[in-house]
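Two complexes follow with chain A in common, the first pairing it with chain B and the second with chain C.
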Partner chain A sequence: MKSAKNCYAGKILRIDLTSGSINSEALEDDLVGPLIGGRGIASKILYDEVPPEIEPFDPENLLIFAPGALHGTGVPAASRTTLTCRSPLTHMHGDGHSGAQWGGELKRAGYDVLVIKGRAQKPVTLIIDDDRVELADADRLWGMLTSRTHTALRDETNIADLQTVCIGPAGENRVRLSAVFHNGADKGVNARCGMGAVMGAKNLKAIATRGTGDIGVVDIESLKAAYKEYVEIINTDPHPVGGTRYGTCRFMYHRVQFGIHGAENWNYGAYPWEKLDPEIFRSDYQIKAGSCVACPIRCRRDYRVVSGPFAGTTAKVEWETIARSLTCGIKEPEGVIAWANICNHYGLDIEGTGDTVAFAMECFENGIITAKDTDGLSLRFGDTEAFLEITRRIAMREGDLADTLAEGTKRAAETIGAGSERFAMHVKGGEMTAGDPRGMPVRAVSYATSTRGSDHLRSNPYIEEIMKPEEALKWWGSEEAADIAKGLKGKGRMLKFSEDLVTIGDILGLCKFAFYRSATFPWLYQKGVTLATRFYNACSGRNLSEEEMLLTGERVWNIEKAYNTRCGASRADDTIPQRFFKEALKGGGPSGGTVVDREKFEAILNEYYEDRKFDPQTGLQTRAGLERLGLNDVADDLAARGKLFGN
Partner chain B sequence: MAKKKRIIYTNRPWEATGICSGCRLCELYCSLQANGTFNPYRSRVRVVEMATGIDIPVTCQQCQDPACQAACEFDAIVFDPKLKIVVVSEENCTSCQACVGACPYGIITMDPVSNKAIKCDLCGDSEPACVEICPSRVLGALDDLAAAEFNRRRAAALLAIDDELLRARPGGEDPVMKKLEKKG
Partner chain C sequence: MRIRVHLYPPLNNAAGRSRLEVVLDGDEDSLQALIDKMVEQFGDQFRKLLYDDRGRIVAGWCVFINQKPPVYFNQPDALATLLCDGDEISFLLALAGG
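Let's turn to the complex of A and B:
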């Protein structure tokens, strides 16, 4: 049993599946000091130990599980665990973050980080039960859905509170759109970047964990004081209140307000959404206001279909589930819930899968894919039956078409050819997420600069919507930055800040909805920087300033950026699909008829690079910029590879 | 003189936010109150995950005639005249686990760190930590009369399930009644 001085367990657990070796080592101060935890430490381990010569499915690729530094404590919404590896979807830095209890169990068992290397001869489960760490045969579990795997592990071990992570058939089949699931189908998911496939390639079916040790806190009184202030904000701020009422489905109103649905494979900004009204989900389908561990916001939603052909179907549904259903033209809650059910049980990433199916649908509508390819399936936008069936086939790689789609949108378009490339909506191979960027230029740039492919959780470009002009002037040097559609100056600086800001959340394990969304900028800053820093100091016993906290976010971002550069990315990759530049948003509505203005896009990107201290021409990092963050080793490595500006 | 209290799951199932959300903040802050660390396994209140969307907080019911106390041969479960409930005397506890076996709720259990029996002591004089932290406000420290309001509903809920089951049975035949009739 570990001692409990602060929020760190103090050890890294290393498993080599090839040799079966199990080792633990001390979590050194040179990792904790500059990188704190979670995504910070995981990104550095990946950078140091997985050079670009190692391919994503190679045994040498690592799976790095790193609960946020505050996960397992009673800090509100400190529920996030990072999973990092080289992504088989983007071939670059890959990570995903889930809200579940497993990370806390890992820490209570005595480990802040779990690093898995190698490939087992046959399917195995890793069991971590306090001091007992062992690999067990998983033949019986191979092929099982995520939900069954979880219950089978609880049955086998006879531990009612056992926390698990596992992959479903999609991960086993190395579907590049697969994810890693916590406690079966309906809890947290480490999604994006196809990490389920890496776990599958390692023949690792599941990790079952129980940890009964303590997680400490150094200054209980300041923790409680910060908690009180946090609760005062969330009780006043209308943003979290909406989350409690509707869950993340609430973002429907935001998308309607701006007309940025991205429906039918990012063709339509306004779209018939009325049956997917959050109020309908709330009154007719919601089971209750659920939550991830330690979260007072309670935006987790499980929905149940009561009548009709899908009666009895239950699934955890997030906003992105609904958004990606709209991308495939699905307009009814029943279809959304049934689809979430399939993705969650087969182990697919909702976002990547939704976009890939939408891509296939647009190909079908345009005759590039025919009924012969689909084995008779009418793969049209809005066809629920086809939507569900093709999703299941992708998970199982059933038939040539599904096998191709299972490689993700980018690779599928390369294989299918025949002009399908223009329907492939991705950035660096990672499928599009969230809202359509047309009409919101900084959102477009944020999708382009994200270090794990297109992503809305990698930054917080929405802060332009909540900032007052005078705040924008103070922070970004220009009132323009608060103007959503027309503003230009200051937007690049705003983007850089927001990227560093949300990185803090992943480092500490704080939920972005709970800490990095607010109705006003002062609330957002108070929660996301001031209170986050106070929570961390209270739990760790360190004494970081807010500036140091933001600098840590910037440091981690730079490590990931360098990783991608090392994998071959350059300024040319920091872009968005051509459709957004060339084709006007259809369907009318507030953003109807707009495109992303390329000049504005480039101007914001230039300002962003300058503020990041990257070279604007090449997008390469500079020695001065890296050494300012203490990343001299990264600078040396990039220089040796000819990837540092000026070398 | 203060009345005896107990922690009750004061749910309001007609409200979506009136049901235990499963956030387990009660477990975390119970263990913080008791030990100064976070550890759900050392918590005196435990959230039981029953199925997707069903999480139920369970804690000591502060029985009138506690089975745990009766089972203890070492005077480790003693009556606290001020709180009017029984509490664990760590000094006397021999870790024999007899109380754990006796508790009908499975709620008195062994602390994995100290290896002593643990049960809810209502946080002594202060406001119980679980009640204070619960974001859904579904935990309350209630006296006997107030607790009865909820216990009555619990009893009714069990009978309501019974009604539902009987109604669902085609033909309306009830095997239990039949058995009883035969006996008579």
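Let's turn to the complex of A and C:
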């Protein structure tokens, strides 16, 4: 039996904080058709409405909240909401993706997209309670931690299941490493690219939302059939099991065995990790195993310190929390949990903040920063007290050094100078994430080509680990693509595919771990393309092919690439920190002594550009490549700006 | 010969332990012999985690021998890799991305 209502609410809500105007407009087919939802629609709105003349903290910069098209439908792990703006960290396209209920609540209130521009004269909260949309004074909330902000709004409205997004003090202080938090400190986070600082610059403390409407599914039976196949795969695929048992902390084992920790500011591949064993976190610290909306894998973990100076401290901890702690030389769970607590409550992105602190630590170890600069903090790798205190100071911009670090690694290095630039580990201004790429050239290239600065979730080059040679031959034209150590041919094509692939997840609101990671390529494709398309068709009533779904991912990627080009990026920016090319990975282990081979890096990048229809010399897009995707308007805009190859 | 084995999730759950020692009969046994021995010892649940429904090792598994760069089961001759007495072997589901 078919229902008339589909998964779209059908409206965009627009708020101008300067004038106080509140308007809604129809979500037009010219956005939904080629871009579907979530990151797709948000990226196009940013491209169309925020040209490079608008600086990130300019009131005219937009904050675009866009739940994935399947958010709220009951499709498994369809929980992601994109937040997009021009990033104050990279000065390019910026977005962050959160798994939480708020996006579904926005849709139930009647809106697929929320676009905020302008700057309020004083702190405000946006309240969306179904049809009632209003701005309320937030003076009393300004300065509050994320957790208290959520609680205060919930108590004031007396709505127990109120969904909120908010910033903490870091966002208020325009810390370029600040994030936007959902339902307080320990739920979802739009983490990357400094979103919290843009929200702070707009004097927008929070958005409180309740929606009581329905989100439709056109073809329930087709959704059920796809759901059944999805469950069959995750019951067979060994990949989700570790996530269910340990949460994302599971990735520790991968880093240990490959020896790619990137500890002490990306110097050490092998590193003392034993006290951070996921089994220890599970047995000695775990207080809650939870999930995002509708996710059967349940990889969220809350931990509590039970003894010592941080006893009683709790926090949601992700693998990246542990990884970035190691980047700062922290080797004990107590320090990791206490640090996560500070970042989550003050409203900081753990990834950017961790790398920035690690940068400062390496400067301190080398005498570029001294105890005079730190007001007496011993900012050495592994010093937990200094680690926690400098993080708090960054959130509050307390003191000259913290104020400098609050600008992010790239700007901090430019300010500090004295050779510190060689310790600044970032791509396009976005700090490094995940594992060390030395010895794995396609991963190095994936960090370089990401459209929001260094990022491991912008693609899935890890599929080189799961493809059989015959599959690689069929898909990328060479068996070499399945060989991590020696392979070269086909890697660029594989990377391009994997970028388009995971973009589908952000468009639909599907979790990367639930849909875009598997132990075999057939399972990965079945979940990430075949079932994702079937889920979307069942919920929307459309009839997209798998090829059209992948093409949508490619279209969105090209919009973001064009945005960055328009902001001044070129092939020279598609690179990684020099340390990875020049300095051998320390610490021994399977990857010890390796560097990223520059020739391989460039060869993969060339193949990638060719497959993307970019000019390999300049990295510029071509008219033919953009028009193939229906992006004629983007091609015209780039041409007018002298940023299109051949024009 | 005696092989020291380290099993990562979810194989360790199926085996009920993370570390074990496996004794193989021959002097030049292969990785296949080691896997056969463990499947025999730990049963069907263990086998289902390692093999797909066509009887091939799931490609995402990889093996580290004495902490050297891994042997991937997506490579054709991986199972024929010869082991030596005293080798330390780790089984890891390689796909990363956290």
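Following the convention adopted for this analysis, the second predicted complex is superposed on the first by the 643 of 647 C-alpha atoms of A that agree within 3 Å, B and C clash if a C-alpha of one lies under 4 Å from a C-alpha of the other, contacts with A are read in each partner's own complex, and residues count from 1 in each chain.
By definition in this document, a residue touches a chain if its C-beta (ideal position, glycine included) is under 8 Å from a C-beta of that chain, and two chains touch if they have at least 3 such contacts.
Small disclaimer: the values here were computed from a predicted structure and weren't measured.
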Combined model on chain A where chain B meets chain C, clash or fit: fit
Chain B versus chain C as contact partner of A:293, first or second or both or neither: first
First, second, both or neither for A:314, with chain B first and chain C second: first
Superposition-derived angle with apex at the Cα centre of chain A and sides reaching chain B and chain C, degrees in steps of 10: 80
Touched partner set for A:457, first chain B, second chain C, both or neither: second
First, second, both or neither for A:213, with chain B first and chain C second: first
Contacts of A:251 with chain B and chain C, given as first, second, both or neither: second
First (chain B), second (chain C), both or neither touched by A:590: second
Minimum Cα separation, chain C to chain B, after superposition on A (Å): 14
Contact residues common to both interfaces of chain A (with chain B and with chain C): 245
Chain A residues within the chain B interface of the complex: 1, 4, 72-74, 76, 101, 104, 108, 161, 186, 212-217, 220, 244-245, 282, 286-298, 300, 302, 304, 314, 316
Chain C - residues contacting chain A, complex: 8-11, 13, 18, 48-49, 52-53, 58-62, 64, 67-70, 72, 74-76, 90, 92-98
Parts of chain A lying in touch with chain C, wherever the complex brings them together: 236, 238-239, 241-242, 245-246, 248, 250-251, 253-255, 257-258, 279, 318-320, 323, 434-435, 439, 456-457, 460, 462-463, 465-469, 482-485, 512-513, 517-521, 589-591
Chain A partner contacts - residues on chain B that touch it in the complex: 16-17, 19, 21-25, 28-29, 31-32, 35-42, 49, 52-53, 55, 112-113, 133, 135-136
